[in-house]
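The two complexes that follow have chain A in common; it is paired with chain B in the first and with chain C in the second.
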Partner chain A sequence: MKKALIASVSMAALLVPAGAMAQDTVKFGILVALEGAFAEGGADGVRNVELAIEQAGGMAGGKTIEYVVAPTDTTPDTTVRQARKLIEQDGVDIILGPLSGSEGIAMRDYAKTIPEKTVINGISGALETTWVDPAENFFRFNLDGAQWGAGLGSYVVEEKGWTKVATVAADYSFGYTNFLGFAVDFCRSGGEIVERFWVPLGSSDFGGVIAALPDDVDAIYLGVGGTDAINFLNQYSQAGAETNLIGGTIMADQTVLTSRGRAKEALIGTPTSGALAEDNPDPAWQEYVKAYQDAFPEDERFPSPSLFGVGYYVAALAAIDALNEIDGDLSDGQEKFRAALADDPLDTPLGPVSLNENRQASGTVFINEVQEDGAGGLKNVMVGKAENVNQTLGMSMEDFRAMGLPSRDTPDCAALADAG
Partner chain B sequence: MALAERPRPGVQPLWIERIPAAWWALALILLTMPAWANNFILFQVMGWTFILGMIALSLMFLAGYGGMVSLIQMSVAAMAGYMMAIFGNSGMGDISMGLPWWLYLPIAIVIAAIFGTIVGALAVRTEGIYTIMITLAIAAAFFYFTRQNYTIFNGYSGFNLVVPPELFGVDWRQPMPFYYLTLGCAVICYAVVVYVSRAPFGLALQGVRDNPRRMAALGFNVTAHRIAAYTFASVIAAIGGILLVWQNAQIAPGTAGIPAVIDILVIAVVGGISRPIGPFIGALIYVLLRTFSPDVLLAFGLSGERFKLLIGLGFLAVVFFSPDGVLGLWERWKSRRDRRRDPLTGADE
Partner chain C sequence: MQGFIRRNPIWSLLIALVVAVLLWLIFAPWTDEMEELLGRKRIFLNAIFGGITLGALYFLVASGFTLIFGLMRNVNLAHGSLYLLGGYIGFEVSERTGSWFLAFPVVFVVVAIVGIILQNQVFRRMEGEELRQTMVTIGLSVVIADLMLWTWGGQSYTIYAPDMLFGPMTLPIISGVRSSGEIIYLKYPAVRMAILFAAIVIGVAMWVVLNKTRLGMLVRAGVDDREMLAASGVRIQYVFLAVFAFGAGLAGMAGIVGGTFQSLSPGEDTRFLLASLVVVIVGGMGSIPGAALGALIIGLSEQLGLVYAPTYSVVFTFLIMAVVLAFRPQGLLGERQ
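Here is the complex of A and B:
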């Protein structure tokens, strides 16, 4: 009791000068999806920003951090609306967010109308956000959808010896972008894509596609996620399930691995690639996971931080780090703050991240493989990583631009193989 | 459903004297608002209120005067927005045609009106819940079609950087000009709806609503009246849709997703569908709840992510205490006050 009293008195003593500086605050706006399919992930994003602020002692650059949460429903309309509220009504200095691809593109355009403020992307992964006509004050410290696919292609060629694949991927922008990352790497390593199938988002009948899959391939690339993935695996295993599988970034996530039924067993041995590996031995990652687990009671968090959570954590980390560097000086239309964000590599739980001239991160992609966890379930095991994956996937800016934006027919595999 | 307008007895005074004092006060508040409200209130809260009010007004016209609850109005609005992005300018240079504004605006409104008319022609053959179902089905189909069609509607990401033309040297996306633009459009739409409701067409439509068989016997073409009502409502929704796209500077399939479609119905019902002012009241309530409910929750120390609960409770309260919306509350209050008068002489007791 006495101890607590002393502690609280000394805390109060510590807080008094802070209270005197209370006008000196920096305000974060957390723009995050709290409705719809990503609501759970979005809530994890908010938790992680709280964690980052708490770890920084609630201070950055000598200023107290305040934050406002602006919930979106993943539609770009709502996102822009909420962003406007953050800037105009709540008067935030820095926006952390958004979460999903089309929101990111909308925020890129909105950012251009608020040149005095700064937007740090949460976890949205559309390539276009920082590639096509990027905004000066939009920073992205996570990799984009194409980068998440990189490293997997060379891994399957070199480690597995699979050089001939057919692909089945979701027919929308993330499907194209994530596939592009895999295909660029795969084709340049000497792989050949025999046939591409595109399936609409939310389809339940894959019978036609499965019947049309060629027999003489080494593996099938699957760029679908969630319930689509479960449906595909069910129908695929009923049809025989003979070929190896390669998974896109959202293929082997927890929804699929924890689904009921035996169909998911077709996934055993399937390599996937993505932004994180849960069993990453890197001490920075282990420390972060522990901090996350300690900070929140077990029923209010995921077993380990989700992809969305890590994204928002890194964004908050970047903001706090840059604010410390410039002593919280946000004058001059945040000129100094932006320079501090852009300059040196940031140490994150996912390894060092540096920004290029489009303010897009280069960093590490993790290769995971689905294995049995010994208790009847499945888990992802890290089998490799590709470091320093940049926005153009190792190509020159001109070559990458010449290849075109991700679509059903881009990239052209044969052309890449010739060039590589 | 109560008759929308009641004829007033007695000698008709000059039209300007007939405008109640409350209307003058409202006009004064709305016109002087830029002097005392901040940009956020002007652009975001009021601008959005007028836009949603217009789209809900088109539903109110169909439901209140025509007895047809249509869920297609948001899709019609989005159709106009899409057409404007396609025929006008946007960030998607290879789809947008870049026509001048005096060409793309009429084209957008006409195409949206045609779309609304076709849906109307399908829907008028049904009654009640089946009208709701068929329009909801078409709205859902429109959403999925725009999401998966890349050649015309640019699929998942839609169109960005769709901004109003700089007419008369004014940037219409600045808060004050945009406020007056939406206010002006809303007032015009409101006035037109009030006028049409008293014109022969509107009266015939109300007749069709109350007794279609008798109207048919009187020689009115019931189906044609209903379809024409859809066309008229589509034009109002289209204007709202164009303003909505200008406000957001972009349009994507989510603009007319199922939640947005339902929201329009909620706005109209909460405001009240017996009079054209109802949708605007409903829209104001909706926008205020939508914008400020996370702050309210946080102010009480609750978690902001439960903001939908507050919105839902707000709507539930309105519908529970007054099944005919906020307007119903007002009318009940007025009739209770009137009851205190002597029914014969009209003198206060």
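Here is the complex of A and C:
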């Protein structure tokens, strides 16, 4: 009995100051993939949150920012388990993350069970996350996978004259969604998709698929990323690479361009589209890249921030910005914080970003082309951009909904070409 | 072989039939109806060859694994780490010297030495305690994986095949006939043919060593009855060391092969450990021909699955394993203990 009393008194003594201190700190949980195909990008995400916090002087709305990193392996169940750990054990106020598509959908559902907390998406790009039954407390300041594909289709038709393509894309939600953005644009510009191949995420041997690609096409669209992309390119060049390539958003990311070995050289001349352009002349972007390069030693970072990194940076920026606006007042189940997040457009290194009624961003998509950098490496060169791309890719809500959710067979290219 | 046919006439007939049909599908030109039913022949052929070369890679990894298990009853769960380590070292060697071929002997020796250290310093201390050994190998694999992550970082590495093996080569197999009547021969990446050839040579060499030499005799005797072999005056520790070194070196060389036609990155170690586990479970623990057969089946099922049923291709491998475990728990060519 005495023992129990002492124990509970000392427990209380330990807890009281912690409770008092909680008033002066705000705790971020960084939910990020640090295992599997996107491990490198995930690590860059963590670096960028650190950068954003450092730039804010470690403070937001008069409170000290603390953060906890919760590593996932890109599977939804691990993600939810880690998110639960962040909320229940670490007691975080705001979750920044997750990184990949199916994780995002899982987190949308989990967010509904924690209405007092707020989730700001890291860089996951599944359309469904903010399109189908969105959660009130789930915000996405990055464009979704479909938006990232927009602009590329019309570019290859108009600038390159490629009108017949076959596609190889990863068989999961991001693969479908990113492909949909490309296909909607491409088909409405008069392009034709001859054949679609879907490969499981994490496939390492694409020999059979490469052989099955048709000969009489202008280009092949590749919607794979990370190590899968490197494996594909390696095997594609070993099989005697012959056709032009068009890259999905994660095809020519830094993760692929900085890989060691020469597999990536098959990418030279490939147009891709995505959330960023490394050589974007916009001063806001230039400033951000410089800050990134100054903040970390050269061997611990990418030459310039990766897609994943920028996503997490913008998420942290949004959180800090909103906290400043409301002087760090997270009472009322973070009601004010969410209102502050949703209201005015946020200035980001990628240009202004505004949210729609689904708490989904509209913003700029950049078209890049892979070129040699003259020093034995590869770089992305910006060749165009599409501004104010919204969630429905310029279609009306009804038309976009009628087209159906991204899947292997959606969108129907012929139907879009007729309508466009 | 003849014993098997005598004992299982129906099974032998079935297997012979399947092999015959497969060979006919590969060599005979396809008619239009067949192309309609099965897709273009080029796709089928590429899937088959892709499966066989993938099987060759699996065989290189799994044969060392199964040999070590067969002799020492040691389930070496750090085997995948040896594969990845070999790949990374191979990348460094080929990058610095510019020679892909030189990487093989260097990696074989280096990884074999790592294997010797493991056997002599770690496993020997807990001989006969199989569970403990297995747990230690899990621990080691985690430690080695982290050390490799520290040294080589998380990015992907691909090893560049030498120019003479780069690009496709033409095989004397008809992949189709143009409407003009011209025959199209199958084009296939040269480096994969080289890997397949090397795997076959290594497989045959292993068979010869195991069945025709004194060392092979010792190893086979050790697999059957370790204690008896030790009691008859053989210094079994040396046999263990040799086998462990050879198995480890083989896994290291497989790492170069894997880095050449796939890529190397953290996580590949467990992927290949899992693959070799499945291969030896299907083929039979401790059996070299079993490893070859298992590797071939798993490689083919992965590639044919990827081409013809991409949604389920991941499932096939484990389905095969489950079926084998249900109906022939000792593996296709394993012996009942």
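What we mean here is this: the second predicted complex is superposed on the first by the 340 of 420 C-alpha atoms of A that agree within 3 Å, B and C clash if a C-alpha of one lies under 4 Å from a C-alpha of the other, contacts with A are read in each partner's own complex, and residues count from 1 in each chain.
Here, a residue touches a chain if its C-beta (ideal position, glycine included) is under 8 Å from a C-beta of that chain, and two chains touch if they have at least 3 such contacts.
Not measured: the values here are computed from a predicted model.
Colleague: Examine A:P200 and indicate which partner it touches, taking first as chain B and second as chain C; both and neither are also allowed.
Modeller: both
Colleague: Taking the superposition as given, does A:N388 touch the first partner, chain B, the second, chain C, both, or neither?
Modeller: Neither chain B nor chain C is touched by A:N388.
Colleague: Which partner does A:S102 contact after superposing on A: first (chain B), second (chain C), both, neither?
Modeller: Only chain B; A:S102 stays clear of chain C.
Colleague: Using the touch definition from the top, say if A:Q89 reaches chain B (first), chain C (second), both or neither.
Modeller: A:Q89 sits against chain B, while chain C stays out of touch.
Colleague: Determine, under the contact definition given at the top, whether A:Q286 touches first (chain B), second (chain C), both, or neither.
Modeller: In the superposed model, A:Q286 contacts neither chain B nor chain C.
Colleague: Mind working out whether A:A211 is in touch with chain B, chain C, both or neither, as first, second, both or neither?
Modeller: second
Colleague: Touching A:E40, do we find chain B (first), chain C (second), both, or neither?
Modeller: Second partner only, chain C.
Colleague: Between chain B (first) and chain C (second), which does A:D171 come into contact with in this model arrangement: first, second, both, or neither?
Modeller: In the superposition, A:D171 touches chain B and chain C alike.
Colleague: Which holds for A:T74: it touches chain B only (first), chain C only (second), both, or neither?
Modeller: first
Colleague: Show me the chain A residues, by the header's touch rule, that chain B contacts in one structure and chain C contacts in the other.
Modeller: Common interface on chain A, chain B vs chain C: 35, 39, 43, 171, 200.
Colleague: In their complex, what parts of chain A are in touch with chain B?
Modeller: Interface residues on the chain A side: 34-35, 39, 42-43, 46, 69-71, 73-78, 80-81, 84-85, 88-89, 101-102, 105-106, 109-110, 126, 128, 133, 171-173, 200-201.
Colleague: Provide the residue numbers of chain A that touch chain C in the complex, in ascending order.
Modeller: Against chain C, the touching part of chain A is residues 35-36, 39-40, 43, 171, 197-200, 203-212, 226-227, 230-231, 234-235, 237-240, 255, 258-263.
Colleague: Can you list the chain B residues touching chain A in their complex?
Modeller: 38-40, 43-44, 48, 91, 147-148, 155-158, 160-161, 248-252, 254-255, 257, 259, 291, 294, 298, 304-305, 307-308
Colleague: Show me the residue ranges of chain C that touch chain A in the complex, using the header's touch definition.
Modeller: The touching residues are 39-40, 42-43, 45-47, 49-51, 53-54, 91, 95, 153-161, 166-168, 187-192, 259, 261-263, 265-267, 271, 302-304, 306-307, 310-311, 313-314.
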